[in-house]
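Just below sit the structures, each encoded as structure tokens.
Both complexes below contain subunit A, partnered by subunit B and then by subunit C.
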Partner chain A sequence: MTLLRHLAVAIVVAVILALISVQIGSYRDYQMAEVAAYVVAVAGLTLLIGLSGQISVGNGAFMAVGGYGGALLMIHLNWPLELVLLASVVIAAVSGAIFGVAAARLRGPYLAGATLMLAVALPTLADQYAGVFGGDQGLSVTINTPAFLGATFPPTRWLAWVTCAAALIVLVLLANLGRSRIGRSWRAVRDDEVAASLAGLNVARLQILAFVVSAACAGLGGTLLAVVTGIVAPGAYTLTLSIGLLTAAVLGGLGSLLGAVWGSLVLVLVPSYLTNVAASHGLSGAASSSIPIAAYGVVLIIVMLVFPAGIQGGLRRLFGPAAPAAAVPINVLRRRRPASEHQKEGTT
Partner chain B sequence: MRTPHRSVLAAVAGVAVVALMAAGCGSSGSGSSSGSSKTLTASAPGITASTITIGSHQPLTGVAAPGYDEIAPAANAYFQYVNAHGGIYGRKIVYKYLNDQYDPTITSTVVHQLVLQDNVYAIFNGLGTPTHLAVVKYLNSSKVPDVFVASGCECWNAPSTYPETFGWQLDYVREGKILGNYIKQHFPGKKVGYFYQDDEFGMDGVKGLDYEIPKSQVVARESYNPTVTNIAPQVTALKAAGAQVVVSFSVPAFTALLRLNSLKLNFNPQLVVSDVGSDPITLAGLLESFAKQGGTTVQGNELTEGIITDGYLPSLGDTSNSWIKLMTMIHSKYLTKYPLDGNVAYGIAVGYTFVQAMLKAGRNPTRQDLIDAINKGMPQGVSVAPYAYSSSNHNGITGAYMAVIKNGALVPTGPVQVTDTSPTGAVTTYTGGQPAAPASGIPSP
Partner chain C sequence: MQEFIEFGLGGIGIGMIYAAIALSLVLIWRGTRVLNYSQGGMAMFTTYVAWVVISHTGNYWLGFAAALASGLILGAILERTVVRPTVGKSPLNSVIVTIGLLIFLEGLAGIIYGGQYRSFPAAYSVRGLKIGTFSLGISPSDLFTAAAVLAAALALALVFRYTTVGLRLRATAFNSSVARLLGIRIGRVLTLGWALAGLFGALAGVLVTPSTFLYPNSMDSIFVLGFTAAVIGGLDSPVGAVVGGVLLGVVLSYAGGYLGNDLVLVYGLVVLALVLMIRPSGLFSSAVARRV
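On to the complex of A and B.
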């Protein structure tokens, strides 16, 4: 029973995370919450690229859809957090479906271009309709720590609990989805669309479904991030965010949910760590503020050189069984090989 | 492996190029209870026997960085001076300012880091309206003093909802009223056009202008979005409406764009610009670099000549002024990498105000002591007009003088005027004058 096994692992991880959150300081709790919010969004993206073979540079826009949707529901309708989170999944899934219908006709760079447009264009809507979305300064989102935890319970620990719980639920669902009939169909479509459709799979419908799932995850991640940072603003959902998500997915290892966790950890912790290092070495002004960006780039290059299959792929190679079947997704990024070699690869 | 996979690879490569480009641009560049005790104690978070650690969020890279990235180093230069001359009751100020790139989400993260990890005593001079709005609730619910926000938004003046938050610079409503009053008196019957940033900054300014300028005189109201640099449509509309006077509530980059676009259309209205967007040195530099990008050369100072603006700090051109002497000394000793422009003067001035407040808060202050000290009112110091601070008002500087830019320097043209933020409150001449800077350069407790 795959579902039971995933659930058991998730419960053990939840207990460990809860214990960690109590041990570490308030700011580490805050970072933990940030990482968990990103994990949700990156997991959806890694599934889209790694399993269904479609690429999206626009998942930041779906995060914005979820974030703004959630914020508006909280501000105007005072919905409780759990309903808001569910609603943001639905809202983002619907927008993902609409976009997915269009995207199903596009391939490779054209699909990337279309999603890129979404990432660039959508945040400007907030400025166009400033009355609803609060313009440049956005909308503020606050959640209260439930009373039963007591007045002295650190608010950031509560944030960490909420976001980690949501992330674990999403990871369990996605892990099952990936191993289900749908997941297998996605892999079939990814590896050969013609063969998949000859085998009776509805390629377009499967691709749209993958888009919907990844948009729903991005929407939930967006709402969680809004809850953690306390704000939704167009400045948060720029192209940089979309590319950051893609970076995290590739860095962690495309198609691997654990990879999404590694990628999110790098996304959140490396820039903050580097900023502190730069500041503590007394570098001044422009230098200390530019070094983290440059060093981040260096880290990315090194990781990709050392672990071309992402961090998770690298860990598998170092510690795992010799040739795990799940390492296939990185094929998406491999160059086309001569037919003979191609044949061999197909058999692994 | 069929073609779709190869195209995915191409797409990822393309995205990586975009990412590198995105990373590349945007780089610029009441202490009464404890006051009697003699020994210095760790009386509050961020305070030890030898240091006071404060934090801030600043745009050190990104769109808002040019000019504004000088403010925190300038404040820090003043703190270094104070530290070298005895500190605050013997404690040295440690000023940790983090880069938020003018992005509210990053602001939230860095402020959480400063409060939770670096354990700062207060957030000082956090820069920007949209950015600081992202953290004002958090700071107030965590009871962290949030002093002298670097933004003139009226929103910081809310003592009942935001008891920890204090504005500092002349708020945009007051500034709008002072500029509007000047236009009403000096350009009666002339057609007036507004050009303003489409957020609280611009809208507060327009609110103040509308309190003073008769509605019938205003022929055009054009706003801009700070992320869209093409403002030709707005400038064309201002010209088409026949505006003879254009009032601009804009950041420096957009004041420069307004000037260059007007030049291109051979449209030469009298420009009246908010203090925020009129620093002559910053403007001249921006004008020259924008023109260079467009393939022409201009003399920055020629293009700023005659711009009407206002100032709430002493004019940098007034070299005999004791405050300007102090700023020049701090600048030459601790901050030679930047020119002594309006941003550097701003940083030193707000740093001075913080030291004033900390000295008032007592020898071993709690966080509340700093709030109480400011609520009791602050003596006028580096600004030309008094502060509004009281327990029911958290606005800072209340007035300014009118000035005109001549040869790249601000030349005051009138007396200091003060007003309030109400629709009917009159703009009156302030006769109180300004106290001289202390000889030591450090305020007396």
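On to the complex of A and C.
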């Protein structure tokens, strides 16, 4: 039943998005495609942190894996887009599995440190093997609008359709995964590892699986973003990207897929809006490009101090039904301080 | 042979920088179990303060002192204003808040000082030292760097070991509830810990910037390597931070020297992965069991 409900919602949303994309201009279409690509990556990360309780500061690295993998397949093998997207999921999942196995014993800050190093180190490989990866210039990626849409169909609208469709499919799959046995096991592991393993769950395998899922999502998001922007280059996969993904997941509300959408919207729209405002007030180029960065930092701090459950948590508190008592994590009973709010359930 | 010594000494020099960053992280982690991702941003900002003072007065040491003082003040202010409310909540909250601080400081530096690369003076000559015709591969500036970090670390160790303030810091790190019951004002101790961490970060920033130029992201890669050094050392142990920093510096220097400089960060990842596979909580970590 849940599957059917999620599918029905996705189809309705798809129709609405298609209608919107026809109404808006090509720049807005482009932004829509960008948001959808980020949604895919952020959704995987929010699941990893919010459900399985592991932190990754380096999912940008898996986006790079997906982006470069997809670009190479398109350039050298001329694979069609659907196959490239599927392949990039597989490639990123495999790299996530390798990293997940290596990092399975790491906890908290040690895991954060390892993923941080991964995010910084991986893009330097692109410079080193410039013959394959194109060095600083990167590789350019182009896709063609299919012929049946007609020659006058705007390419950005096609991009928006492709990325939104991919994002909706991923969201439906992840929503079901979160409600499945695996999702419940992840929550059990997150709330108490020892209790979970005593109950017969294989903690290490579940944690690696969460890493694989989030890496696969990041890989797909990376390929989609490469298709949207038309280029893969090391400059796109900096630490800033990884931190941006984390920011979006937290802003939206950890563990909430709808929150991933809010977070991605903020990630794409707010910087360009703030840059425009700053530029229209006659600030110099360097200063106006720094204002969104500073504002971003301020927003992160304020959200964390005032609304630790993120946008989706805030919305739920305002409009949603009162949280049932059973949704309070069992930790509350044992610890002096209540567990923070973003550990509450949420796979909306 | 000459190359071997050159790379080794050069590695110790840069390793002391990583050690200073690692020490600043360990100081905060021990007291509050907060990982300060904004440490690199704080160090960058205090280096800008030094740069402003130096370019106005022309006196290097005035700038040096200004950086250290502003590091102390910045650390204390940040702890009191934005970090304090997150202590005791989920660890993710403090991670996000310090990442937010990092982004804010980098953006603020961009707004105030612009994004261009600026050169930053070194205290002493950066020309390599020689014994006869035998080049050592280090400069007086490197010697000063190593000496300054060592002196600061030694002073910290003495404070920890022999003063009342040090005893309070250790007691709070060991068990803050018990320390509070014994009449230690935890809040002040934590603020002091952040201030000291700000000081070490500022020291690292002033010492490393002559070789990297100064711009809003100038400390990013240094911070990541300092973080790696702290994780290798075990996050809990000041000794581990220094050992981890020097170890990482030397290994990266040899790897970069013999295998090529482009992949230094990848070698760093390999070193980190190897250490953590053998000891998942670092070389010198005191915590054997994980709290469940």
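One rule holds in what follows: the second predicted complex is superposed on the first by the 318 of 348 C-alpha atoms of A that agree within 3 Å, B and C clash if a C-alpha of one lies under 4 Å from a C-alpha of the other, contacts with A are read in each partner's own complex, and residues count from 1 in each chain.
Following the convention adopted for this analysis, a residue touches a chain if its C-beta (ideal position, glycine included) is under 8 Å from a C-beta of that chain, and two chains touch if they have at least 3 such contacts.
In this text, all values refer to a predicted model and were calculated from it rather than measured experimentally.
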Overlay on subunit A: subunit C relative to subunit B, clash or fit: clash
First (subunit B), second (subunit C), both or neither touched by A:146: neither
Partner chain in contact with A:49 - subunit B first, subunit C second, else both or neither: both
Which of subunit B and subunit C A:231 touches, first, second, both or neither: first
Touching partner for A:138 - first (subunit B), second (subunit C), both, neither: first
Partner chain in contact with A:192 - subunit B first, subunit C second, else both or neither: both
Partner chain(s) touched by A:106 [first = subunit B, second = subunit C, both, neither]: second
First, second, both or neither for A:272, with subunit B first and subunit C second: first
Partner chain(s) touched by A:156 [first = subunit B, second = subunit C, both, neither]: first
Contacts of A:291 with subunit B and subunit C, given as first, second, both or neither: second
Contacts on subunit A seen with subunit B and repeated with subunit C across the two complexes: 49, 55, 107-109, 112, 116, 124, 127, 192-194, 239, 243, 246-247, 250, 284, 286, 289-290, 293, 296-297, 337, 342
Residue numbers on subunit B that touch subunit A, as the complex places them: 1-12, 14-15, 18-20, 22-23, 27-29, 60-61, 69, 73, 96, 98-99, 102-105, 108-109, 112-113, 116-117, 129-130, 133-135, 137-138, 198-200, 225-227, 337
Residues of subunit C that touch subunit A when the two form their complex: 29, 35, 82, 85-86, 88-93, 95-97, 99-111, 114-116, 216, 220-221, 224, 227-228, 230-231, 235, 262-266, 268-269, 272-273, 276-277, 280-282, 290, 292
Contact footprint of subunit B on subunit A as seen in their complex: 25-28, 30, 34, 49, 53, 55, 57, 107-109, 111-112, 116, 124, 127, 130, 135-138, 140, 142, 156, 190-194, 225, 229-231, 233, 235-236, 238-240, 243, 246-247, 250, 272, 275, 279, 284-286, 288-290, 293, 296-297, 331-337, 342, 345
Partner subunit C, residues of subunit A touching it in the complex: 49, 55, 102-103, 105-110, 112-114, 116-118, 120-122, 124-125, 127-128, 192-194, 239, 243, 246-247, 250, 254, 284, 286-287, 289-301, 304-305, 308, 337, 339-340, 342-343
